[in-house]
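Below: one structure, written as structure tokens.
Letters A, B, C and D name the chains as they come in the text, with residue numbers starting at 1 for each one.
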């Protein structure tokens, strides 16, 4: 079995996390933004798993389950909000959502 | 009565506020104005009466702080509700309780709208002012000090003149900025007490014992002193921090101006006496000359600028800058003569400038203008007014026999003992004071009565005479018998000086002697 | 499988009587959530009254239970994942009271705005429950879950005005940025876990203390990201951008709830995290110094930006949003000072309580003043308010003076305590900047006073009636603001008590 | 007992003042008559004259060394070791002043009853007049400098009030203000002098001060006090004198002060108030005598003023202005006397001057009254026959001031001239200046006299005898000149007698006055080395001849006005300079008033408003502008928000990593 270096996976997770984060500030579509957030959460999950494995501790892996659950709830709420928003604004483009400013 | 015996100060301080709160129950808006006026006036008289009890109980030469009250307040931080009165605050309190009924009486016709709030605020303001004079805990002092701003802010902002909002804002912010830095210094002091004595305390008598490094221009003492001084100098106001005053004075309603000049400005001087000097003696010695120079500038500058004012009220406001410069000069002379003179001048200024504002208010009510050029020859139609105006003017120019002379004479003499040169410069105020006052008087009261509007002016009413009479009596009484006032002041001035002159030998004597005396 | 054994301990499975007692507020609150949720689906009668009553009853009952617990000793719960101590009990009281008051004060507002959906109350209760759990959590994952319980409920509440574009927009912004921040927090947790092998705050601290030579960079990064998640929630500069928009877009009572409950919860948790990560307590290291530096700058920026931008605002709601940022700044000063002063974090606790009181009051007043669709909250709409509605104007004046920190109001006492402890901690410059910023703040608070008291009334719109409940909430807050301002000793004492249990 | 002296006028003031203010002042209220109010006032001052007389006699009966009556009433100000008693001390010096003040005062009060008979507000006038007497008596009776100062400023106030008595005339009101302010300038010096005395000697009480100063023995400096200090004190106090006694450079107010009613000019601006400077210098002679420099200054200023004012008086056409400049000039004389150490001579001249100048002023008042408020002497003439009684008394005054023996002026003036020459502090120059002044005095007084009373009338006379309608509308219809009523003439008579005979109290070598004043000013100082006593007679002769020459020349010149005009034209530049009073007012206006006014305005607009306020408001503006700037970041775009968040994250993390790496 091939041994994967933990730091490699961690770096990978970190990269994904930052891709997600960067996505939040460059993408305009709200649905994509939701996905970016999922991306960040999953990067965290990956990190937890790696640490869990490395530390030989179950707590990390258990956390992943909680996070996944919460992420699901979050997505549900997020999508609900997107729908509500779309109903009133007829758009999911964040550039169009700038009523509140300054 | 037993309660009153032990809590006389609390009673005097909070009576006006309580009275005002009850007064809120007087129903209706401006319809029941008569009842409201009567009630408020009665309250201010009651306070005045009660303060006489205070005068009676206070023993000249007794303990430094008398009629003390102390109750724990915020124990966690060593803050206590502690009150005490000494010979200096005694008179300032009496000045406050004396002026309040006068301004209330003077407001009867001047204020016609929103009387409920107006009279409430006046009495609330009285409580805050009295509180600041008797607080012997810095936290408590600060609370009263700041609380004063609120009623004054509304008095200026609601019942003031055309630019009232600008003036109210300026007044509030100017004074606040100064006092906030004082607050920081208070924190520091309180913390130092904890460090040096192991307990929390913000009581003055405890803080007096602090030993703070005082060498050099930017020592701890000096910085703290400057922080305190900023607050007080703004309040006094000392050149160049005076520019809020003309605006606030001019825009404020008459009562506001009187209280502002009569009592609020005294807070600055009082703050120097109660806090800045005794807490930071070395810094005081260090900055003595600097402050005396500023005071001398204030005296001359205020007088000069007053000369060219087209608005009577503004002229009086600048005259306040000049007069209060004397106070600072006297205090920083650091000798008994100067200090006594300064304290006396604070009382004088309350009476005479208060009187001037009342008089200006009276003609403003009649003519709705304060521009000097709109007047002329008023003596002809308002001879009684002219008499009163003349007397108050003379008090303002410090004619011997009036109160103003005693103050200025002692201050200049005291200052001369410390620095003849600065005293001589300051004494120029004697000349310029006469210049601006008499010139204004001449343009308003003398000359031909050539304006149509002025020909029908009514002379003082009986109520207005009642307003002015106590002030005029006070002007002469204080001019002829200052000793009556000095008597209860003397030992307090001594202990003030003793503390303020600790610069040379820093010995922790204060607290022991106070308790020892009791 | 030692770790598994380690996890499954007998006390985890059984709850002792004292633990049940300690958990009662949570149980009651949770039960309240469920009951009101069930009540709201009843179709036969209009559920608004029962739900309101249920909500208020829940809040009252739970907060009464919490108040009692302030005096009780700390108790570790659920295998150390939670703790019931004075600190959490104190804040539970604050959250529950805030939620209850908000519910009461919203009732007529919702009627007027045609938003009377019972989910509103349920969501309030849920978010309160989330706050309670969050402040008592000792495990980062529990913190996260509680945070999400709270946040998800609040996201929905912010967007509660479904038909309103601004409300939707606010909710969306809040949701996106909030989720991102949660993710950042979570990532930080993961890194901490990696660095210390534990997600338990006490254990993390223990690890930290056993390594006086310093921790790995991963720890540093993790702890900062964890803190950052909460710095976002409390809206400190530069993580504050969401706040004005959200505050403006949300329905007024929700904004009130957010500025009070949510901010208190986030700060309370921040205090716990702060302590757990070794800041504040005497664990000196370069890391401490660096985080201190960053927080110092953040605090100053927060005070400054909050205040100067508030100066330029003409909408009251948005102005209060910026002022809320400024208050975050003062709280950060307290946080920075917490470790170095004898007052500890009690100043922060005190300030949060006072801020909750005055802000709740202010927002209830705003909800009364607001016209259909949360309009009519511009400054000039307040012109002559003192003539039209003297008591409302008076109440708002009291709250604003308190926010400005003018004695004799609670705000002054709180600010005094915060700055005083900062001086003790040696943060003199921070205090000087702080008081100067608060001088700036006075200007915009006073400007409201100018409109209310010194300008002539405009228009002649008949004032809407104030509901009895909203009025009593406002009255209570006015009384509290003045009472705490004049006699702050008890609250100071309680706050001290709360932090000693940490 | 002493306190009664000022008390009576004070009571008179209070009665008249309160009555006027409360009862008569309202527009349209009935005014009390001059007879009644004047009666009260006259009684008050007369009572005080009686007390003064009685006290004088009491003093007279006491042994020479102990001629002091003291009355300490209460402590005025007591601060630490500074204890100021409110008290009076009467000795041989001020008893003379009280007699003059109350005596001449009574006469002038009496005269005023007639003079102010048609005034609108006699109650006010008499209350002021009484108040003045009160203050003046406080001034001379006070036992210490501050009390003297109390009176000093008090008389200044009354002077202000009375000069501006007809306040509706802006010019008159301005004159009052000018007087007050010029006096204030002097008072500044006085105040500082007092302070220096207190810090040097530790007391302000005259008796104690004298004791301290004389402790070192006669003529020696007190221990530990530098001569410079004493000189400074004396100069500072003398600055006060230049204000009050109208000396260079502060004399400018006195001529303007003639705006007041004529009795006021007589009482305040001739007989009493303006001499208080001499009183003070004499009172403090023990100090002045220690400092030759100070004495020199006093004498020099006195002589210069005497000459300077006399030159202006030469060409004035307003009857009162001439008298005013003559007063300034005579006051200069008195200072000249004091300045050469001849305090007695100074005081002597104060007294005789009080008599004859009061007489002249009141006479002038009578003329003005008779001429219906005409004051220009060029429009008079020939009044001799129309106002015979006034003519007679005025003539006596004229001769007295010219220094014709045996009228009083001769004795006092001569003594001053002689001492100016002979005293150790004196010099020929001082004498010469005095002598020239004397000639000029004789000239301009004769000019005045001649133009007023002699020759032919230069005004249109009205016919008919409507005494009652005459007042106020003389112009256009011609003037009906009438002699003044007895109530005015009678006091003139008394003063005329005093002017004629008053000099005999100080006849050279037999001087009662000198002896009487010895306890205060010390024995006669003798004469300087190298001056022959016999010169006294020579100089006396010279001065009399000078006076006669002056008189004759003037009589001759002004018998025909055309000659005089020709003379004026021949020296038109000088004439113009003199008519315009050497342009001193204009000079002061240009170097003090205008620059300070401009500066004040500049400071107000340029510093208060432009600098301080701009700074304060600017702070607010900067905050606001920063707010606006920061606000623009808040674009409303989620991306921007997230970006800022990310930026914060990266920056902080970066700082941490950088910090750890270091």
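The rule is short, and it goes like this: contacts are C-beta pairs under 8 Å (C-beta built on N, C-alpha and C of every residue); 3 or more make two chains touch, one makes a residue touch a chain.
No experiment lies behind these values; they were computed from the predicted model shown.
Enquirer: When contacts are scored as defined above, which chain pair ends up with more C-beta pairs, C-D or B-D?
Expert: Pair with the higher count of C-beta contacts: B-D.
Enquirer: Of all the chains shown, whose C-alpha centre falls nearest the centre of every protein C-alpha atom combined?
Expert: B
Enquirer: Please report how many Å separate the Cα centroid of chain C from that of chain D, as a whole number.
Expert: Once rounded, the distance between the two centres reads 78 Å.
Enquirer: Would you kindly tell me how far, in whole Å, the mean C-alpha position of chain D lies from that of chain B?
Expert: Each chain's C-alpha centroid was found; their separation is 37 Å.
Enquirer: When the C-alpha atoms of chain A and chain D are each averaged to a single point, how far apart are the two points in Å?
Expert: Averaging C-alpha atoms per chain gives centres 97 Å apart.
Enquirer: In angstrom, rounded to a whole number, how far apart do the mean CA points of chain A and chain C lie?
Expert: Centres of chain A and chain C (C-alpha means) sit 26 Å apart.
Enquirer: Quick one: which residues in chain A touch 2 or more of the other chains?
Expert: 21, 24, 33, 97-101
Enquirer: By residue number and range, which residues of chain D touch two or more other chains?
Expert: 620, 631, 634, 636, 638, 640, 642, 649
Enquirer: Note the residues in chain B that touch 2 or more other chains, in rising order.
Expert: Touching at least two other chains: 173.
Enquirer: Touching pairs of chains, which are they?
Expert: Here the touching pairs of chains are A-C, A-D, B-C, B-D, C-D.
Enquirer: For chain A, which residues count as touching chain C in their complex?
Expert: The touching residues are 10, 17, 20-21, 24, 30, 33-34, 36-37, 40-41, 43-44, 47-48, 50-52, 54-60, 62-63, 66-67, 70, 73-74, 77-78, 80-82, 84-85, 87-89, 97-101.
Enquirer: Which residues of chain B touch chain C in the complex?
Expert: Contact set of chain B toward chain C: 72-77, 114, 117, 139, 142-144, 146-147, 149-150, 153-154, 157-158, 164-165, 168-169, 172-173, 176-177, 180-181, 183-184, 187-188, 190-191, 194.
Enquirer: So in the complex, which bits of chain D are touching chain C?
Expert: 620, 623-624, 626-628, 630-631, 633-634, 636, 638, 640-642, 644-645, 647-649, 652-653, 655-657, 659-660
Enquirer: Help me check something: in the complex, which residues belonging to chain C touch chain B?
Expert: My answer: residues 342-343, 386-387, 401, 406-408, 412-413, 416-417, 419-420, 422-424, 428, 431-432, 435-436, 438-439, 442-443, 446-447, 449-450, 453-454, 487-489, 492-493, 496.
Enquirer: Under the definition above, what is the set of chain A residues touching chain D in their complex?
Expert: 21-22, 24-28, 33, 94-95, 97-102
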